[in-house]
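Please find the structures below.
Look at the two complexes coming up: chain A is in both, with chain B in one and chain C in the other.
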Partner chain A sequence: MDWTNLLVNVAGEIIAPTTAAYALAAIGLNIHFGLTGLLNMGQAGFLLLGAYGFAIATIAGWPLWAAVLAAILAAVVFALILGIPTLKLRGDYLAIVTIAAAEIVRIVGRSTTLTDLTGASSGLRGNSYKHTFQDASPFPDGTWELGPFEYAINASNSWWIRIVGWGVVALACLLIWLLMRSPWGRVLKGIREDEDAVRSLGKNVYAYKMQSLVLGGVIGAVAGIIYVLPRAVQPDAMGRSMTFFIWTILLLGGAATVFGPILGSMLFWAALMLIKLVMRGTVPETVMRSEQIEQFGWIIVGITLMLLVIFRPQGILGDKKELAINAH
Partner chain B sequence: MPTDSAVRALADVPREPGAAKPDPIVVADDVVRRFGGMTAVDVQHVEIQRGAITALIGPNGAGKTTFFNLLTGFDKPSSGTWTFEGRSLHGLPAARVARKGMVRTFQLTKALSRMTVIENMRLGAGSQPGENLFTALVPPLWRAREREITEQAEELLVRFKLDHHRDSFAGSLSGGQRKLLEMARALMSKPTMVMLDEPMAGVNPALTQSLLGHIQALRDDGMTVLFVEHDMHMVRHISDWVIVMAEGRIVAEGPPETVMQDPAVVDAYLGAHHDTDLGDDALLSDDVAEQLEAEVQAEEEKR
Partner chain C sequence: MRRAASSRARSWTSRPPRVVGTVGRWLVLLLLTLSATALGQSAAVAATEQCAPTGESACINGTIRTAAGEPAVGVALTIEGEGQELAATTGPDGRWSASVTSAGTYSVTLDEGTLPAGETLRDPANNPREVTVELGASRPALFPLGAPAEQAPDAGDDDGAEGPGGGDQPDDAAGEPGEEPAGVGTSSSGGVTMTRFVQQLVSGLIFGLLLALASVGLSLIYGTTGLSNFAHGEQVTLGGILAYMGVQFWGLPLVVAGTLAVVLAAASGWFQDAAIWQPLRRRNVGLVQAMIVTIGLSMALQYVFQFFFGAGPLRVVTSTPTSVSFGPVLVTRQTVASVIIALVTLAAVSYFLLRTRTGRATRAVSDNAALAAASGISVNRIIRVVWTLGAGLAGLGGVLLGLYLGAARWNSGGALLLLMFAAVTLGGLGAAFGALAGSIVIGLVVELSSLWIPSDMRYGAALVILILVLLFRPQGILGRATRVG
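Moving on, here comes the complex of A and B:
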């Protein structure tokens, strides 16, 4: 086995656009769950809507900024539709409704009635909506090498998308950091602990939960754009398992922390790559074929999530003391 | 001891359920709450005097907490209307009621466990511009108010003997300390009226004494206090007026010295044991308790 190559591949995952997209999606979910205690089980729905909004608007000829705005608007509307009926009810209802709503987005997206718009189950090809983003790059075309990493500068899986992706992640972190230390963040935290207590102190709990849902959803939609820029919009790649990975990433890194989602996403994708490459190099074809190894990787993810919730619910960066206290 | 002004204001109020007060801050009419077939609250008319300490007492299950929930918007009545400072609060959500100046605490304490004591306190304060999503992003816009709030919170914490726990998680406090924290937090918004549901349950007597003094000081500054309490010593010690509930209805009203002798009250608490004076401290002594127990047993044997 080529160990250098393996390490380069694993390290490459750490800075990959997908890792940035998942980190961003987990930051959005962190606003919902970590800060407010909302159980959003359909974060992938926000990503998919963001991806559709951006891609369809771009294909229709909209400029980059307008297409991003379309993605954000789609997420806002989706959050309002989800929130209006459920945020007044107990937490579990939001969980059920979000699972279902994300599935509806995916199923509607892949249905043949909308083929002209969404490309049905085959989705939208990346080349049909990448140009505005690539044209916005200030760098010359070509490829560029940094240490062992060599990528195109602007095209597809490029340095450009890495720079923008991680730049957005950094901005989102700054936003969370500011919000968590603000009185606004304090009200959310109070809601996470006990809604009625916060209500008795004169805060409009419903409005705060709605703001949290919208904000986290919008961040999810932007994550969706970053996720599809180096690939295609594939509704079936953005379903329940994506939501499940985002949750794993958040819990791995630590909910209610600023850097947890980033650390979680980097560890998650690097570990997955490591497992796959090591197994491909060591397990003979007769025992496990390549696609089985892929699936084995996902099984490990599931087991990790279970072990995490049982043995380290606060994640890697979480405050143990904070979690040690029973919520009620 | 009750201040003279509050007592004087209530001196001429008739000692009967639903009595009109000279300066009522809360007026409730025909407030009914049913759970299935069971009527938990059925209050025909009640007025709460402004600037006085009113105790709401009654046996377990009398409907006191439910009545609190209705007044503060935490529960919706089956029917009925009520006003606070002359304006109807009917149908108003709990948060709006609190912002109007009527703040309550809960019988089952709601400390925000995974927040520190000082953060709990800060949350109680009103008009913090930083609680708006956009202002929150610009700390200079809310720092000054935050300093004010923190100062106010620290003063209250000293008063409630919680200043040593300033930075501990609320979840690590004892039951009594949580009660205190909740009460202090409610006072952060400088309410016009506080409604305390069993505020002193589980608080040690020495501290109770000093807090009662504090409550009276708040009343002297013009705050109205309505509290539910089972401890008759406390009721007699602090309240200017007592309202007695039983089975959802208001059965008696009066000053604390005399209301416990009202036959309706004795009925509500003890059924047949009319000869016992509930206001009498002797009720709490062992031989009286034994005697009562013996009587109850005798009655049961007869059945």
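Moving on, here comes the complex of A and C:
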């Protein structure tokens, strides 16, 4: 096995756009769950809506900023529609409803009736909506090498998407850090710990929860844009399992922390890549076929999620005293 | 755990016994209605998907049918490109698929020597043909057979052409990646005729009844432990896959294989409670934490199934079923038998819950675990019984649904999970009879909604109902108004 190549691949996964997108999605979920205690099991729905909003608006000829705005608007509307009936419900009801809502988005998106708009189950091709983003790049075209990493500068899976993606992640982190220290963030944490106590202090718990849902959802929608820019909008790739990966990432890094989602996402994707490459290199094809290695990786993810929640619910960076998953 | 359980009981499960009596009568009425109309329509062909694209792989697939529309079995194809070379062969349903691990353009060649006798490609110039795939997606490569002259224009989308009845099967509409490339089911276009309405009504009742087998277990587990079990769908899949193993690998007769599958599924429930849930209860792991554990378990199990059985449909029975007609509707004998089995089982479960000592103890634990424990009921023993029973029922549901829908699949239970939750919520979380009524309603909604909305959206209709119920009547159709927040 070629160890240098393997390490380069694993390290490349750490800075990959997908890793940034998942980190951002987990930051959004962190606002829901880590700060407010909302069990949002439909985060992938926000990503998918953001992706559709951006792609469809761009295909319709909107400029970059307007398309991003369309994605954000889609997430706000979805959060409002989702929040009105559900935010008064207990934790597990909220989980069931959010997962159902995300499925509805996916089912409608992949329906053949909307083929003209969403491309049904085959989705929207990346080339049809990535030009505005690529044109916005200040850099010349071509490829660029940094140490062992060589990517195109602007096209598709590029340095440009990496710079923008991680830039947005850094901004989101700053936002979370500021929010957690603000009076607003303290009210959210209060809701997480004891909703009734906060209510008795005269705060409108429902409104705070709604603001949290909208803000986290918007961050999720932006993550959706970053996720689809190097690939295509594929409704079935953004279903329940995506939500579960985001949860695993958040719980791995540590909920209610600033850097937890980033660490979680980097570890998640790097470890997955490492497992796959090592197994491809060592396990003979007769024992495990390549798609079985893929599935083996996901089995490990599922088991990791179980073990994490049971034995270390606060994750790597979290503080057990700070976060009680069962507050709701 | 105990504290959580008792506060939960305070908040929503306490119900006067009178309600159970009413529900019991309602149930009897329902069963009578159902037996009166115990018929349905053919489950026909199973659908799609043999390869599931992930972020790292993509699928190329298609279905080859003879000019007469029959599946062409055993046709060999070669997929070449991007440094990979793969082979695929069509299965008993004429489907083939190949999983590739990098995006790019592939050339798909059909070996004309392997076509069924007398069949030719309609467009020989299109062999080999080029297909461009992206990771995480699946693309069809179509090879229509028949005379070289132009045929019906829609004969090309062979993956979508499932025959007129195709839109009626509750297949994996909520399914995972890679099915129905195009053109599946706008069955709303045909207009609503009385015959179609009756057919959909009957299909809905049958589907609801089979779904009820799974939902009742989910509801019982929720009722006694407060756990929303997201891995319950995998118990359903397990039943279907075990039946498939029994019939196709060990060559057992269907009835024996089915019974064995149910017994093993029930054993898996017992084992699961002993190995995971009871230790978690002892550790005082909270309900939300336990719920996330079930999500992890569901994910792990789905991929375990896919690891061992692949992503394709697993047909329990490959022979063509014989049909019987009741007036305007056509059902297979198998379906009639399934409906009778489901009715008898549900009646037995009702008897168990209403009349036996353990059943009463189960309802007592659902109502108030702390009080039940105080009155000398061994709560842990009851929970073990409920897990065994629930998993066994889900297994039976899996076997029967596998027969009804034509095939089991690694995610067939997962695709039904949200429908089960919808049914359970509709009936009032934790109320076993509510789950039965809710399942019937959900079955009807799923099947009847496809009269008016495109059939690939009908699972969505059931989920909209779920959200509406929570909005206007969170205690469910049979529950008593209590605060849920």
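Rule of thumb we're sticking to: the second predicted complex is superposed on the first by the 320 of 328 C-alpha atoms of A that agree within 3 Å, B and C clash if a C-alpha of one lies under 4 Å from a C-alpha of the other, contacts with A are read in each partner's own complex, and residues count from 1 in each chain.
Just so we're on the same page, a contact is a pair of C-beta atoms (placed from the backbone, for glycine too) under 8 Å apart; a residue touches a chain by one contact, two chains touch by 3 or more.
Predicted, not measured: the structure shown is a model, and the values here were computed from it.
Student: Return fit or clash for chain B versus chain C, each positioned on chain A through the superposition.
Tutor: After superposition on chain A, chain B vs chain C: fit, no clash.
Student: Between chain B and chain C, point out the one touching more chain A residues.
Tutor: Looking at chain B versus chain C, the one contacting more residues of chain A is C.
Student: Once the structures are superposed on A, label A:215 by its partner contacts, choosing first (chain B), second (chain C), both or neither.
Tutor: A:215 sits against chain B, while chain C stays out of touch.
Student: Please indicate which partner A:145 is in contact with in the superposed arrangement: first for chain B, second for chain C, both, or neither.
Tutor: In the superposition, A:145 contacts neither chain B nor chain C.
Student: Identify the partner contact of A:197: answer first if only chain B is touched, second if only chain C is, both if each is, neither if none is.
Tutor: Once the two structures are laid over each other on A, A:197 reaches chain B alone.
Student: Touch test for A:116: chain B only (first), chain C only (second), both, or neither?
Tutor: The answer is neither, since A:116 touches no partner chain.
Student: Is A:183 touching the first partner chain B, the second partner chain C, both, or neither of them?
Tutor: The answer is first: A:183 touches chain B but not chain C.
Student: Using the superposed model, give me the angle at chain A's CA centre between the CA centres of chain B and chain C, as a multiple of 10 °.
Tutor: Here the answer is 90 degrees.
Student: Using only C-alpha atoms, work out how near chain B sits to chain C after the chain A superposition, in angstrom.
Tutor: Checking C-alpha atoms only, chain B sits 10 Å from chain C at its nearest point.
Student: Across the two complexes, what residues of chain A are contacted by chain B and by chain C?
Tutor: 325-326, 328
Student: Show me the residue ranges of chain A that touch chain B in the complex, using the header's touch definition.
Tutor: 175, 178-179, 181-187, 189-190, 192-194, 196-205, 211, 215, 321-323, 325-328
Student: In their complex, what parts of chain C are in touch with chain A?
Tutor: For this pair, the touching residues of chain C are 4, 11, 51, 53-57, 99, 101, 134-139, 173-186, 228, 280, 283, 285-289, 291-293, 295-304, 306-307, 414, 418, 421-422, 425, 429, 454, 456-457, 459-460, 463-464, 466-467, 470-471, 474, 484-485.
Student: So in the complex, the part of chain B that touches chain A is made up of which residues?
Tutor: Residues in contact with chain A: 72, 74, 93-96, 98-99, 103-106, 110-115, 119, 122-124, 126, 128, 130-133, 135-137, 139, 142, 146, 169, 171-172, 182, 185-186, 188-189.
Student: What residues on chain A touch chain C, complex-wise?
Tutor: Residues 18, 39, 41, 84-86, 88-93, 95-97, 99-101, 103-104, 107-108, 110-113, 115, 120-123, 125-126, 231-232, 234, 236-237, 239-241, 244, 247-248, 251, 276, 290-292, 294-296, 298-299, 301-310, 313, 325-326, 328 of chain A touch chain C in their complex.
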